[in-house]
């Protein structure tokens, strides 16, 4: 078994950087959020289709951790490699590696939940079991 | 010895929220970044003064982790309680607690470095020892 | 007749500023967007209540223009004065003045529409007539 | 004489959209800001090189206006066509057209100034004459 890994290219923008001239760190996490979308898209499920097909509102983050090894700046071309590290019943863990010139600049881990509208609380959301077909789309059997 | 804790109020904006109607999680980390500024301001060092006085470019984050317990939405009034959890030679650890209606909504930990321009690499930055007076401003002796 | 003017205070954050050390200009427009919310709140309709009460999805901007006279930077305390300049059937024009130390730093004009879900296009939105009571809440008669 | 037009592709992200499910309008202006960078890059001057070569801090916006014709949402692939509409001595006007499925979704005009550090005010910036070679790089003679 191998696991799907997606690669998303990002050009760091002027508006992503702060007065120290480096990426304002929450922007890295916004990049990783879009990289999660790119990962689902790589298995044929761009986010609008994913939400419609499975009647969910999203996969909100419940835990995140990141290490920042090398600063990036405007004009930098970075690559974000993303994969699912672990599947739970209604949650899953992701790993993102942000590379600059082939070197690891940022390492980011997320735990997300599969979230649907809560029929009992208007405006509320609640976790739901992740469909098996989602999990299997992320595995490429080698048997 | 006690440690300084600052409290910053944030009104969650429409532009802080995503299509699921909840705060886009990187925005919480942007809030915590400003809360770090509020913490320094509470000891008499608003960021512009801090940078000038100590000739640093900032205190960039090298590690961050956060847990998201309850979603917040636009119009919510939240409070961010911030304090320094640990001092190192050139780095320090912070703890932020985001409260909504008195309940813990988000818990965030950061490790930051005291960073100055690197005289040997134009545009580069490097860690520097944190002045003792900074550390002592954060402690209120009870002797 | 006079018109309601709201005042919103904003502390410019580190993350609002760019590598030139000044506010990244789209952030001013994000501030003005929240100031529009503050204006409605000043007549007793914070945005969550406004959307629920009138069954709208928001008041999206269809035109915006802004002049930037003086740059602001992190740590600056600015004030945004907002008012409705003109009411149309399903649209309205707003005026925002961003003041720094009492001087006009940014002037911003928005045209917004009163927008509801379109029952005929899932996910679509369409303009709707602005209720008269909204318009009258913004006017303070002087008989 | 013709004028250089650049084309930049943007995938609209989840984090670019608001609770109404459409792009939060200041994000369009952030896209246009990066599109200005792409325009300069198309004449061989990516922003880091531009700033170094001409010793400027940037080309801050002094006026902006935009019309929003069709809403975009997460997952949309948009194209931004950018060109210089007019050159002044120390300022220039840009035109950005954001296309979705070939249709004009947003039209944005900016006036920017060529800005350098002000040697007389630490931290201040001031307009400077735009070098002729910049202007001529944007024109492709057809003689």
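As written, the chain order gives the labels A, B, C and D, with residue 1 at the start of each chain.
We adopt the following convention: a residue touches a chain if its C-beta (ideal position, glycine included) is under 8 Å from a C-beta of that chain, and two chains touch if they have at least 3 such contacts.
The model shown is predicted, which means the values in this text are computed figures rather than measured ones.
A.B. asks: Is the number of contacting C-beta pairs greater for A-C or for A-D?
C.D. replies: Of A-C and A-D, it is A-D that has more C-beta pairs in contact.
A.B. asks: Quick check for you: after a Cα superposition of chain C on chain D, what is the rotation angle, between 0 and 180°, in steps of 5?
C.D. replies: Nearest-5 rotation angle for the superposition: 180 degrees.
A.B. asks: Give, as an integer number of Å, the spacing between the C-alpha centres of chain D and chain C.
C.D. replies: Distance between chain centres, rounded to whole Å: 24 Å.
A.B. asks: How many Å are there between the centre of chain A and the centre of chain C, using C-alpha atoms for each centre?
C.D. replies: 32
A.B. asks: Counting only Cα atoms for the centres, state how far chain A is from chain D in Å.
C.D. replies: That pair's centroid distance is 29 Å.
A.B. asks: Going by the contact rule already set, what residues in chain B reach two or more other chains?
C.D. replies: Within chain B, residues 14-15, 18-21, 24, 26, 30, 33, 58, 73-74 contact more than one other chain.
A.B. asks: Inside the complex, what are the residues of chain A that reach chain D?
C.D. replies: 11, 13-15, 30, 33-34, 37, 46-48, 58, 73-75
A.B. asks: Per the contact definition, I'd like the list of chain D residues that touch chain B in the complex.
C.D. replies: 14-15, 17-21, 24, 26, 73-74
A.B. asks: Considering only the defined contacts, which chain C positions touch chain D in the complex?
C.D. replies: Chain C reaches chain D through residues 18-22, 24-27, 29-30, 33, 57-58, 60-69, 71, 73, 115, 123, 125.
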